[in-house]
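Next, two complexes with chain A in common: one pairs it with chain B, the other with chain C.
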Partner chain A sequence: MLELKHALDAKGHCLLEMPSGTGKTTTLLSLIVAYMKAHPLDLTKLVYCSRTVPEIEKVMEELRKLMNYYEKELGMEQNILGLALSSRKNLCIHPSVSKEREGKVVDGRCYGLTASFVRARHGGDDSVPVCNFYEGFDAHGKEFPLPPGVYNLDDLKEYGQAKGWCPYFLARYTITHANIVVYSYHYLLDPKIAEVVSKEISKSSVVVFDEAHNIDNVCIDSMSVKITKRLLDKCSNSIQILETTISNMKENDNRRLEREYQRLVEGLRDATIARETDMALVNPVLPSEILEEAVPGTIRTAEHFVAFLKRVVEYIKTRLRVQHVVQESPAGFLRDIHTKVCVDRKPLRFTAERLASLIRTLEISDLTDFSPLVTVSHFATLVSTYTKGFTIIIEPFEDRAPTVSNPILYFSCLDSSIAIKPVFNRFQTVVITSGTLSPLDMYPKILDFHPVIMTSFTMTLARPCILPMIVSKGNDQVAMSSRYETREDTAVIRNYGNLLVEVAAAVPDGIVCFFTSYLYLETIVSSWYDQGIIDQLQRHKLLFIETQDAAETSLALINYIKACDNGRGAVLLSVARGKVSEGIDFDHHLGRAVLMFGIPYVYTQSRILRARLEYLRDQFQIRENDFLTFDAMRHAAQCLGRCMRGKTDYGIMVLADKRFSRADKRSKLPKWIQEHLKDTNCNLSTEECVQISKRWLRQMAQPFSREDQLGISLLTLEQLQSEDMQKKIQQRAQAA
Partner chain B sequence: MDDQTCPKCKTTKYRNPGMVLMVNACGHALCESCVELLFSKGSGACPECKCPLRRNNFRIQLFEDPAVDKEVDIRKRILKEFNKRQEDFPTLREYNDYLEEVETIIFNLVFDNDTTNTNKMIDNYKKENKDITMKNRNRQSQEEIELEELIEAEKAQQSEKANLYVNAELEEKKQKHKAREKLIDELMFSDADAKSIVASHVQATAALAKEQPKAAVQAGGPVVKSSKFSSGIQIGLRQNTSSFLPIPKQEDLPLFHYSAPVFDYDGPSPPAIAVLGKLNYCANIRAANVTERAGGYTEALSCCRALQEAMGGLFYSPQSSHKTTIVAAQETDDMETT
Partner chain C sequence: MKMEFTLCFVSREAIKEDDDGLLESNVAEIVARAKRKRAALKATGAIQLGMMRHLYVIVDASECMFLQDLKPTRFLCVLKLLEMFVHEFFDLNPISQLGILTTKMKRSEQVTALAGNQKKHIEALQQMKDTPCDGEPSLQNSLERAMNGLKNMPAHSSREVLVLFGSLTTCDPGDIQKTIKSLKENNIRVSIIGLAAEVRICREIAKRTGGTYNVLLDDHHLKELILNQVQPPAVAGSMEASLVKMGFPGGKPSSNDGASDSAADHAPAYCLCHIENETSCLMGNNSGYNCPQCGSRYCELPVECKQCGLTLVSAPHLARSYHHLFPIKPFIERAKVPETTYCFACAKPFDESDLNVYECETCNQIVCLDCDLFIREILHTCPGCASDPITAQMKTN
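For the complex of A and B:
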């Protein structure tokens, strides 16, 4: 709290690492809300970004508790409005549209019902369907703001149902005057969406990125484009649709095209003043100076623009017809496209904007078919706008299947700071927090910002409730490692198997194991099967395996939880960087032990990764190995953190790789894990590991009541106000 | 690409992977063997649109859609003539109008709309803008130059950086190896306490590690490739990007110190300006009125001036002046020799 307050006072950015389950969310919310109440002028809004919908719901729950507490203590209604925002898919209450499963389809259909021209047509002709909820919101919703309170997604839906207003647009509209907004990263980081949703958030806001250990990847993904052959074929189809629509319109109603043309002649600025529902397509890049300029003459009329698009698409098609991998910089690409099909850089830059304008003019209400073309237009705009920090890689086939021709053009962003820069520039305080941000100094480097505060917190615990151990060798003293040279070694695989069997025999309830990749998991499991290890394992516990199929994995998870709940005990084999390692908590008996088999390095042969490493080296002086280790260790830490979700929880963390004991790897673990990782536990054999964990489990199994924690990791109000404690706090504050 | 078919003989790429489609000015595709067959005489009519074609003009089809091939072809031809730049127009609006006009011409040619008029327009344009066209042909546009520069810089950076880092890494490895060997040697042969040796070794490596990042930073600074000779003339065939002369470089000279100029009156020195009023000289001059005084003028100024003029050169004699000029000439000579 102290550090956060410093950052708020200094109006700077901060980077905080707090172990999971220690009340990170509550701390952030309560301090920032209190600060907002104390300095209503300095701090007007809290924007809380989380990753998934369940996480958003969790934050809303915490916020509701906080508000209730305020009400109880102060005895009056609080004038604070907090709301969650999600995609249309999660918020739609239209009877038929909300039945759709895919987010894109929902968006497209919603657009088809609420776009301004559809509504205008509805005005003249009642048979044109519109969304009644949106109409209701449009007619009345804007005059009556949402009453203060805390609204999660379901509350919004209920409120919308009751009033007959569209919850999605209500939430979008309310963002401007809500005090606390909780939504997903993408609404801020992805420039395509941020422009629409978050444009009006004032500068004096605090932005919190929770669970931000992957924030650089989110940034990169939001700026990267992947173009496949199929996508291009679909593009050609949509271009044809555009052509026919234009020629039809020319015959029937030439006025609209002419009006658009006139507007474009005047400049794009006016053309972009679109109504809020017409947002389905927006400019993917931010440079506003482009928008001030007029559209170049080459793409001003509709037919010319369609021909232009056709040329671009055909050009990309020829580029995809390669036999070997091509890597190119945007500058090289621009030159080539100029010589081959005479496409200049400037009209390319306007492609996305021009396409959006055209689709609006043509009043095409079903946008789902056009998404490939939109992707290509974004690509064109990005490639001509940014010459630095991006690379184009064309692969004729996948590495795993070199015989199957499957050409893909990757336009990949190498610099994670490009997407996040506007956020840092715009808001006075940006808080980046997660349970696992170590090593902290890497984030400011790769995101290119200067935090005023950068701290890693540890836990104050009444008992040593985590037991990290590094197991480097098996009982036969053969070193364990997932190194490429030794990963096929039967001795290593057998040792891993024995470790798991022995741990499974000693540890009650659930055990989660993480492997470095799906491929590795499969090879190991098949050789365990041959060696009879699977049989041994199943004598103790049931076995579940994560696969790449999401449905299969969730079924495995459900059964895993069932097996843990009824006391049978289970082992879950999963993959670091997989679904299980990211969003799912194994608290209490669901995860009494986590085993990490090997160091989860990324697949280093990938060309995109190589390009990014090179870029990082050249631009930020980050050495390749440093970044790879950093990336591997943050994923390892993320996996290990799965079993610790609170102070009353306890769990064993086994790092089964010789390389973990090296100083450069060990020092990159989060502080709260390092603190418990004693030197004596750094080079254990399987047997020693089991001995230590047995002793530790006996200790942990003692009854642990609230009284034990009081005074150490839990304070009553009296204790907090006692003189000793006050002194301690003051000392802390002065020392800082 | 597999579904490409020759419209004449109906061969597909699937059945004959060696098939190559060709296009001519009319934008209709034919496979290579059909071209051989139909145009064995060197010229003939397109089997689809019956327009007369020459065999020499057949090219391999680059794009999936032959129409695009045709369009690109026409576009290249037209853009060779219509190559005005934004700099040639007073406003952006006019430039954009021009671009659109070009686009329309290309469109008309591609779809055979109004061909006669369009051709007339092109001819007119050619006549009117002959010199600009010629000039622009040898000139790269601003954007092209920018791109070229970027590409060049990238190339330079790549080769230099790659070497740099490989070397740095090798060096580091060597150093580590050396340090370890040194430690082992010391432990083997030295009489000192093993613990102290290890401790000093750890310290030394830590110090080294601190230095390393610095070196990396130095090495990693962006390498700017010089695009100019030392004389300031640009390398390469580029024209001056801007019409302005380069700003002359200012050199660092010693600071200027003021010293009062010495006047050589060649006569009696006139009274100082401050005492003119006292000596009653000013009575002979028209007093300055209010407006003049507001501008900073006093009668003493013009009085002083008059006195200086009156007294200056009273002692002048031709010989002495001759001497001074000679001295001055000598001085300049000295200057030149030094």
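For the complex of A and C:
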């Protein structure tokens, strides 16, 4: 909290690592809200970005508790408006649209009911359907702002239902004057969405990225484009639709096309004005220099533009017809496209804008079909805008199936700082926080920013409630490692199996295991089956396996939880970087132990990764190995952190690989794990590990009540105000 | 909203480490504190205690009971301690009944039915030592079985189950939640002692049925945990009070007594508790107790008469259960005072390890933690008050 206050005072960015379950969210919310109340001019808004919808809901619950506390203590209504925003899919209350399962379809149908021209048509002809809720919102909602309070997604829906207003648009409209906004970080990082949703957020805001250990990957994903052959085929179809629509319109209503032409001649002047007055978040897809120019003449008329698009798509198609892997820079690509099909760089830059304008003019209401074309247009704009930090890789086939031709063009962003740069530049304070951010110094480098505060906090605990151990050898003294050379070795696989069986016999309820990849998981499980280890395991616990199929995995998870709940006990085999390792908490009995089989390095043969490593080395002087280890260890830590969700919780963490005990790996674990990782618990054999865990589990099972924590990890108000504690706090403050 | 977030200021000094840099002593302290808390909790207020108890002991006999982390094996260790428990149990709860079940191979077996005869139980326990441990246990099956036995017991008695559970899994045929629900409906209290680690379902069962759940640290701790179960639990809610018919067999035959047939009374006879065994003891004229209702003879009390079902007790037995009803007041915990340098009860001088001392409210004598627990759990009378002539006088009046 102290560090956070420093950052707010300095109006700078900060990077905080706090173990999960220690009140991270509450700390952030309460301090920032208090700061907002104390200095209403310096700090107007809190934007809290989280990862998934359940996490967003959790934040809203914390906020509600905080507000209730304020109300109770101060005895009056608080004038603070907090709300959550999610996609249309989660917020829609339209009777038929909300039944749709897929987010994209909901978006498309919503657009078909609410676009301005559809509504204009509805004005003349009642048979054109519109969304009543949107109409209601448009008619009345803007005049009456949402009363202060805390609204989560359900509250918004309820409110919308009661008033007859569309909750999604209400929320989007309210963002501009709400004090606290909670949403997914794509709304801020993905330039395409940020443009629509977040551009009017004022400069004096605090942005918090929670669970942000993967933020660089999110940034990269939001700027990268993947084009497959199927996508291009769909593009050709959409272009045809465009052509027919244009020719129809020419016959019926030529005036509108002319008007569009005029507008384009005037250029994107409006956008320039907006940017000058500092109204909007800078869109990295649309760099400043092109705003000053008008749309080039070659693509100004609709037919020319469509022909232009056709050429681009055809060109990409020819490029996909390769037999070997091609890697080239954006500059090389531009030169090639210029010589082959005579497309200049300048019109390419405007493709995205021009396409959006055309679709608006043509009054196409069903946007879903056009998403491939939009993807290609984004690609065109990006490739012509950025010459640095990107690379193009064309692979004729997938690595797994080298005989099946399946050409893919990756336009891959190598520099995660591009997407997040506008966020850092615009907002006065950006807080990046997670349970596992170690090693901290890597993030400022790869995200290219200068934090004023960078701290890793540990937990103050009344009892040693995590037990990290590094198991490096089996009972037969054969070293355990997932190293490439030894991973097929039956002795290693057997030792891993024995470790799991023995841990399963000693640990109650749920155990979660993480493997380095799906491939490795499959080979290990099949050889365990041959060695009879699976049978042994099933004598103690039921076995569940995560697969790449999301539905299958969630079914396995439900049954895993059931098995843990009714005392049968279960083992879940899953994969680091998979769905289980990222979003799902195994608190209390659901995860009494986590086993990490091997170090989860990324697949180093991937060309995209290699390109990125090269770029990082050249631009930021980060050695390949450093980055790989950093990435592997943060994922390992993320997996380990799954079992620890609060102070009353306890869990065993077993790192089963010889290499973990090396200093370069060990020192990259978060501080709160390192603190408990004693030298005596490194380099254990299976048997020693089981002995230690048995004893520890008995200690942890002793009754543990609130009173035991009081004075150590929990303070009453009296204890807090006692002189001793005040002194300690003062000391801390001065030392910092 | 408590001030939980202030914890980041608390430094690590608060956690004490022992010489090896381990935190175990911390845990030991927590255990000690819990011990005292439990004792204090028991002693507060005038609570109604279930003196007439019906208790099923469920012993896990699955594969994992062969593990040797308790010596010689878990199973033998538990059986040994149970023998002691049965003895203590009938000593302190003379008018209660006990039954023993085991669970293995996913099934549950009855070893002894609910009965008041401790000899029989102890014999059964001794025989069990040779039975093999096999398969997986089933909590649900054994709880259902215990429930069937306890369901029809009269409402004025307490219904309890004590599970000694070594396994970390349970293999159940159906939804155990339903079993828990019906246990609760039938007012059955389930206490569980885990031998390995905290199992979530056990904790849930104990919590929902109002019992306790503990996991042992070592064999001494296990003994303590088992013996804790000897104390009758407080009655939850309002149990109806009722009169129970009991017999007080006269120890000495008296010729004036016309109630029973004196000729049969005095003749040498086999004692009924051993009548089925070959080693049944023949009793002479002057030993044994006769049931005042039917005249059957028994060599030991307390016992339930085999002939007429009357509970036979002696007056000292009842007196021993009496202290459950009138426990001594809890001692006040206070910081060590420099002027008192030794414990009043054991005369041990206080040193640094005694952070707190305990004072009796009535006689103001100071004792140490160990004595405090000893007085509360075994002695049931304060040595300070007893040695003070005035208070002792007052008490007897």
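What we mean here is this: the second predicted complex is superposed on the first by the 717 of 736 C-alpha atoms of A that agree within 3 Å, B and C clash if a C-alpha of one lies under 4 Å from a C-alpha of the other, contacts with A are read in each partner's own complex, and residues count from 1 in each chain.
Just so we're on the same page, contacts are C-beta pairs under 8 Å (C-beta built on N, C-alpha and C of every residue); 3 or more make two chains touch, one makes a residue touch a chain.
Small disclaimer: the values here were computed from a predicted structure and weren't measured.
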Touching partner for A:F457 - first (chain B), second (chain C), both, neither: second
Residue contacts on chain A - larger count, chain B or chain C: C
Which of chain B and chain C A:D509 touches, first, second, both or neither: second
Which of chain B and chain C A:T27 touches, first, second, both or neither: second
Chain C-contacting residues of chain A that also contact chain B: none
Chain A-facing residues of chain B, complex: 1, 62-65, 68, 71-72, 75-76, 79, 92-93, 95-104, 107, 143-144, 147-148, 150-151, 154, 157, 161, 165, 213, 216-217, 220
Chain C partner contacts - residues on chain A that touch it in the complex: 1-2, 22-23, 26-27, 30, 65-66, 68-69, 457-458, 460-464, 505-509, 539-541, 564-569, 588-589, 592, 678, 694, 697-705, 707-708, 711-717, 720, 725, 728-729, 732
Contact footprint of chain A on chain C as seen in their complex: 1-12, 14-15, 21, 23-24, 26-27, 30-31, 33-34, 64, 69, 136, 139, 168-172, 175-177, 194, 196-202, 214-217
Parts of chain A lying in touch with chain B, wherever the complex brings them together: 236, 265, 293-298, 300-301, 303-304, 307, 310-311, 314-315, 317-318, 321, 329, 331-332, 334-335, 338, 340-342, 344-346, 387, 617-618, 621, 623
